């Protein structure tokens, strides 16, 4: 995955010299996860550069650079350090096209390594996506597999509207046999990663892989679990989601974020509204508990895993 | 309502000299809505004072003052100016008790006048509550009637944990016959404001009044609409909510915020999970459209009103 | 000991002790070393014209608000010299990133005041074209536009374009983290960005003394390693001369700087404010005596640049402006509510069709009901 | 012209051109005007002791991380003098608000290093008692703790309490809006807060030259109207002397100030970092030659304050510390997972009972499975 993302950046910068990459430590160091590795070496300090340590500054100046005509791809070093930029994202980045009655566009991509599972210290394992799915004017995407990492990132950079690109950091080391460049399904499309009939698991980013593992494990129960990779949280592909629930009648939505008021609630609400008579049980939500992200040694108890997912399937089927 | 809130602040400061009020223009001016009127005059500049123009500074320094032993009640001048303080709220205010393993407590109240309907310019009519309901460690409340304004604010100030107190600014001028001081139901409790059997309307803050009007108007259709004032979004009173749905079988949740990924999704998801077999239709959500809050002359088309609510009831009943 | 070398004269980092003043309080001109005036008669007249027009437009806006035609309005009364003088130093290709009080700068930059006033009426969130006018959207969240300015200037610098950016903000705004980050970014990248602070002494009710302990706002520049200038913001020539220097430096690749124009907000913060709660008539009277237009008039008259013909001309123009504004704003209808869905995304999500349809139905029902 | 009066000598606002250095690079003492040393032999020894202990604890932590016992660790190697010297100027009742690199300051303040290391192991988010130790939680989000420090100091000031707060942060941190807002708040309220910047030349890979164009970090104080001091951060006596003055001023009600201790991070940013990507062996060697402990040793030896007995004593103590740390941290079990629900609210929501029950079931199932 990390390599696919790095290649996407290389290719995007190679293809369009208005694409610039900046953020904390993205230059010489190549980013703490090396996602921007060798960009500065190859494209020079004008195209890939380090900024002072200030996230509001990074996003706010990206807005200005986009107004000028560049296509900034900026990095928030970790999920938990996105918050200082909240104001610039919510009040400006998301709204400027609308505020200007369509006269301004801001093709900015904010890359955010997110989620837990790597034993990190506090503030390095957050899942803040729901704060942003509620913001009109933003697109919010998260790849679950490397080929999508490449393709969604290229499409995000090409997007005339701002995109928050959530990278599942625990899947940076995930491998996939894929020839790059690759073009997968467009933003706004959910994809059925595994067909099934017993129940549907909905996930995005890091939990796609976990759900696939759960589906596999579910076979021993005689379950045929369908796995839908949402990929694009906003815009949301209600059609694919509903089609799956029509088929299976049971839905479990899985994310790492705390469940209360999380994105799973939106999925549950949409499914209920759009597939009410197909549902044989309410959409169940599996996620982190409603607590601050815990310390490294305890994260395994907090994070959804195969067992917790299968337990939810069980409860859904027994409803 | 405005007067009830002002009285609550006077009474709280009178009762406990560790209560201090600060923020932008809360001193001499008494706040742009006069909610802090005469506090400085009565309690002096040490207990009620103006700050420099910096929201992160206000919340961050409130955290420090709370550590010292004060009980700060701070104001964000408008909903749309809460965002610069997001980092301090999410990463520090909400988490410090937990991070310190219970050794630290932060009795901070953040007052936020919120919502639209008063013809304000942009950034002055936002409904940002869902960003905060997703944050473990915060309490989030919003009164719909003046007596609750008084009582919930007093309780919030007394709370050893931080509270985000959302004041429905379009209801500042709402009147109610109530003798202050008054103690209403505690935080964590939803209240049935109007009994009914046809369907339940769920609301909080500014939309409580609108729902009561809708219920009244619904009478002409022969509907007996129940209105539940949620009051406390986190903690959430699932019990009262579910009891109402068990009775009516139909639920509509109403807020001003854009619907997508809003707090209504959480209500819908909870109701579906907890009252699946009682539901004769999915929980329908009524709110603002999924767009940035529009200009003053267009807000009436954006905001939920009696008609939009009754239309949803209609759809629910016809489901 | 490994440290960066300091400049030979460290005190040169500090703003000069007194603000630049070109016209003294009685309207007499004194050129100031280092801030030459390069103005022709034409320019003097233009500066005057813009100031008078700005004041007239401002008054018209306040009237419209009183008549219930605008939701709210933030007056520039008393700040005409600072705004006009600053913006007049810019070239065609340059950009301005304003706050909500920059009607004077807007006029200089050729932005139609009616478009600005539609924001305050609430017809749409904003109604001028930033790309065509090089005048950013009015920014209400304090200090946020300073970062857009820094970023735009960084872009120009990266692109090697001859272009200067001016960001206006207030004394209160200097307390926000965004102002700090903006000045730091601009400085680190040597971006051609002029931060123009109108120190009008108040942030709503909060006086400057409660906003900062810095000796002056210009002193804040020291922390970014850039020059801080001060000028008498009620002196249009000083405001211009200092902006001229700042813009020239930036254009020459010498990087950003901070200007503090010392002025006063003669009106309420906005039409919604009651300033009698926090300031005295005496203070107001003191500043009224320093009116920027009156002072410039004295000078122009003495120089023979202001005769009755020119006055009448400007008066006509001002009246025409006001009339156009009234015609454009008075009872101006809002646009089609369905337009609400038009400009959020180039490529709107599928759900927009449903929501648009819902609104269409509601509108139809209202029509039928009415 | 209505403006605030400037101080008689404006240049007095600026930090002195050279950092305060008490021990020169060869370890010879030169007292510096205005920064008197009030230290007894006992204190000299103590300072040395803390520095040596800090280095030993640091090394132990790095080893534990290499052995997979800590998730990550941020070393203070090279910054012992700055941290110890600064914290040594505080009294019992004073508070420290640290970043994540302040093991040295923690030791001086009597915080058990194992408690700090539990954070890096991930046993719990934090494991010392801030209320008892007057040492705030280690703050990872950059510069955010500076505001807590300012607020705490504002509280003390309001309460009329004799108490000084010291906030540690890095050179990179000075770019964040929160650092700016914190310094401004402290200055406006004259709060007894000392902002102690360890300028270790880097923010991860980003050198100071890309962080700011200010001549020095101390110059940033000018914009807040407070003094900015600089010291050789590899000189424990200079770090102490400057902190002493800063703390005394604050305690006397003279308000906050900023200290820049010029030092160097000898280790990687954290154990997860690879500094060979962004700095040279030559640079490292240059700073290694300026080792703060070696310099102080030269001085102490010359003064006859450091003999073999004392060395042995400290060595024993350091070994004991390291041993206690190993004993406490090595394979330390995490706490009861059910404790996850204990400390979020005093008064947890009803839903916690369900979630707790779910986790209990999961734990039971795992137990059964295992």
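Order as written gives the chain letters A, B, C and D; numbering starts at 1 within each chain.
In this text, a residue touches a chain if its C-beta (ideal position, glycine included) is under 8 Å from a C-beta of that chain, and two chains touch if they have at least 3 such contacts.
As the structure is a prediction and not an experimental result, all values here were calculated from the model.
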| Neighbouring chains common to chain A and chain B, by label | C, D
| message | Hopping along touching chains only, can you work out the least number of steps from chain A to chain D? | response | 1
| Remotest chain, chain A as reference, centres from CA atoms | C
| message | Please tell me the distance, in whole Å, between the geometric centres of chain A and chain C computed from their C-alpha atoms. | response | 40
| Interchain centroid distance [CA atoms averaged], chain B/chain C, Å | 36
| query | Could you state the distance in Å from the CA-based centre of chain C to that of chain D? | reply | 42
| said: If I count partner chains per residue in chain D, which residues reach a count of at least 2? | reply: 124-126, 141, 175-178, 181, 184, 188, 210-212, 344, 349, 351
| Taking each residue of chain A in turn, which ones touch at least two of the other chains? | 52, 54, 56-57, 80, 83-84, 87, 91, 95, 98-99, 122-123, 136-137, 234, 236, 260, 290-292
| So that we know how the chains sit together, what is the shape of their touch graph: line, ring, star, complete or other? | complete
| said: Please output the residues of chain C touching chain B within their complex, sorted ascending. | reply: 71-72, 100, 119-126, 140-142, 172-173, 175-178, 203-206, 210-212, 272-273, 277-278, 334-335, 337, 340-341, 344, 349, 351-352, 355, 358-359, 362-363, 365-366
| said: Looking at the complex, which residues from chain C come into contact with chain A? | reply: 97, 124-127, 129-132, 136-137, 141, 144, 146-156, 158-159, 177-178, 181-182, 184-185, 188, 342-351
| task | Using the touch rule from the top, collect the residues of chain B that touch chain C in their complex. | result | 24-25, 27-30, 32, 50, 52-54, 56-57, 80-81, 83-84, 119-124, 260, 289-292, 294-299, 301-302, 307-308, 311
| request: Going by the contact rule at the top, pick out the chain C residues touching chain D in the complex. | output: 1-4, 6-7, 10-11, 13-14, 17-19, 21, 25, 175-181, 184, 187-188, 190, 209-216, 219-226, 232, 255, 262, 286-287
| Residue ranges of chain B touching chain A (in the complex, touch as defined) | 56, 80, 83-84, 86-87, 90-91, 94-95, 98-99, 122-123, 130-131, 133-134, 136-137, 234, 236, 257-258, 260-266, 268-269, 272-273, 276, 281-285, 290-292, 319
